[in-house]
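Remarks on the structure that follows.
Letters A, B, C and D name the chains as they come in the text, with residue numbers starting at 1 for each one.
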Amino acid sequence: MNKNRLEAFSDGVFAIIITIMVLELKVPETPHWSEISSIIPTFFAYLMSFIFVLSFWVSHHRMLFKLEKIDVSTLWLNGLFLFTLSVLPFSTGWVGRFPMSAAPEVTYGISFVISNLAFRWLSSNIHAEKTKNNIPDAGYRKIRFEVLTLTAVQAVLTGLGFFFPIIVFTGVSIIAIYCAISQGQINRK
Amino acid sequence: MNKNRLEAFSDGVFAIIITIMVLELKVPETPHWSEISSIIPTFFAYLMSFIFVLSFWVSHHRMLFKLEKIDVSTLWLNGLFLFTLSVLPFSTGWVGRFPMSAAPEVTYGISFVISNLAFRWLSSNIHAEKTKNNIPDAGYRKIRFEVLTLTAVQAVLTGLGFFFPIIVFTGVSIIAIYCAISQGQINRK
Amino acid sequence: MNKNRLEAFSDGVFAIIITIMVLELKVPETPHWSEISSIIPTFFAYLMSFIFVLSFWVSHHRMLFKLEKIDVSTLWLNGLFLFTLSVLPFSTGWVGRFPMSAAPEVTYGISFVISNLAFRWLSSNIHAEKTKNNIPDAGYRKIRFEVLTLTAVQAVLTGLGFFFPIIVFTGVSIIAIYCAISQGQINRK
Amino acid sequence: MNKNRLEAFSDGVFAIIITIMVLELKVPETPHWSEISSIIPTFFAYLMSFIFVLSFWVSHHRMLFKLEKIDVSTLWLNGLFLFTLSVLPFSTGWVGRFPMSAAPEVTYGISFVISNLAFRWLSSNIHAEKTKNNIPDAGYRKIRFEVLTLTAVQAVLTGLGFFFPIIVFTGVSIIAIYCAISQGQINRK
């Protein structure tokens, strides 16, 4: 099975998830500046989720780069991963509306943890395929380490979110910005 | 007529249908945990429809794999199939909101039966094209058998849904999970 | 400028327009069968618009088939055409909700007339490009004749719609079904 | 890293942004002609944003045309640019609803200024890549000049918008139409 259609389909889903989240920025009912301040939390929640989805997209891209044929098992694990991502507009919208409450913050954190676990499962399956076909997979260890660290940090943040809700979103934001900056500078060196 | 654009267009529609359904997971009006329990049925309905659409996507992919040129009749049958799929967000949203009522459950079942029939029509047309052009079509009988069995089971479930509504969704879920697991393991053997 | 990206972009817009219309099929507030009958007009309006968009997509595909390089003027005319199509979810939703009223029916008719005129402008521009580059364009006259006839018929129907609103939707439906069947049988002969 | 997937992903986001805006054209609650007049401002706001997004798409296309490999830094700057675009459905919807008020008009203006700045950053990064790889980049100066001029004009308009709100939308519209016509005629000469 060819990888091109998997990429095209995944890219479509990535693109839709990333832009569907903006629908949570409801057009205000009045023309006053105060409306802007009331959507600021939603705006930042959207920005952070955007960065994370983009970050997954970059990693997804790298992971599939050298692969040509794809197993049906990879197709399904990819589907599972995309499913976990597709719940982000919901959890992002909720945390944007109630950034100070435990339920939305913990849900938001869990949503990222699950996406990372699904991504981890997918990448280990792809790694197995590459090994089977003698394709070098230099970046695998790095991605695995990154994903596992991220998952651990997010899990801890999510746990703390039961007591200090806002810590989840704050932590997720710091990680997101760190990832974007560090990835963006890779090729600069 | 080239098959690439048909694939690109179909992949776009598949990707949009799969992610548009998540819009039925409305962002809650309050920040309480109880909101989660009230969206659980919609969440599972979405998960099952996601699995079915992905399953159609995998089969669609295989079906077109060896084909290069495409008839206009195939284009239209493909359109008909995509149309039947595009009704899924509606029936999924309805069954997720009222999982215990006959009307949504039966509508949900009928929606799958019709998608399967349209897929069957499309695949038999593609099979005819392949035969005409002497392209081997080894997987055809298997897909035909699977689709016909699935249609028959879903039709029976839908009929029972008039008396025991929840049986439709339960049955559809069991089939979906079975399909995903069995397809995912094909290449493992 | 390469035609691949124009096709990819256009296919994306076609796919989104076609599936966004289904969002007008609102998930009912009650679980009763009577809900189905109240969405039937919207359902049929959606079906007809789906057929027309698909029909434009097929023609769009053919038109670009032999072309390799694309003018910036074509890019903009293509954009204009896609813009006219993107208004369809609005006019379809309105006519589906009020199929017996003049304003929605006439708006629906005008929406198709404008799409056809934009398509006509685009296709004549592409024809000029093909002529300039000595690319044969056998199907051009046929498409031109079809589009002009369609536009004329729709314009007349739209005019009649001021007096007998439902005639617009009825006429559009008959044309859509006729187009789908006749195009679908081309390659059968 | 290959540019094809970047293009496919960006095209997906462009296509979705352009069509998601039309969802702000809410289907009217009554079947009267007066409904049309009340959506006219939203319609024109949508039309202008459509033209701008299309214009960005054309420039984006040209910019990447000769490039084959892409830096991770470009990927992230491209993401930043797409993010700024994805806020357009929000600002367009707001200005369409309240075209005479300062807050929406200024927000609308700022939204364009930020998109242009992000585009400028992206294009200078791509220019640096091209220079590094000895790829000629003839159009760069022209795009840079255009973007900078546009940004300056929009910034001035946005500032005036605090005093005469409608001037932002009027100015943006004139620029949009001017861009579309002048770009559309490039290849005619």
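Observations, loosely collected:
Here is the rule we go by: a residue touches a chain if its C-beta (ideal position, glycine included) is under 8 Å from a C-beta of that chain, and two chains touch if they have at least 3 such contacts.
All of these numbers come straight from a predicted model, not from anything done at the bench.
For chain C, the chain with the farthest CA centroid is A.
At the interface between chain C and chain D, under half of the residue numbers involved are used by both copies, so each side presents largely different positions. Chain centres here are Cα averages; for chain C and chain D they lie 26 Å apart. Annotation: 36 Å between the Cα-based centres of chain B and chain D.
Across the assembly, chain C contributes 8, 12, 16, 20, 23 as residues in contact with two or more other chains.
By the touch criterion stated above, chain C contacts chain D in their complex at residues 1-2, 5, 8-9, 12-13, 16-17, 20, 23-24, 71-73, 75-77, 79, 82-83, 86-87, 89-90, 93-94, 97-98, 100-104, 107.
Those residues of chain C whose C-beta lies close enough to touch chain B in the complex are 7-8, 11-12, 14-16, 18-20, 22-23, 25, 27-28, 30-33, 35-36, 47, 50-51, 54, 57-58, 61-62, 65, 180, 183-188.
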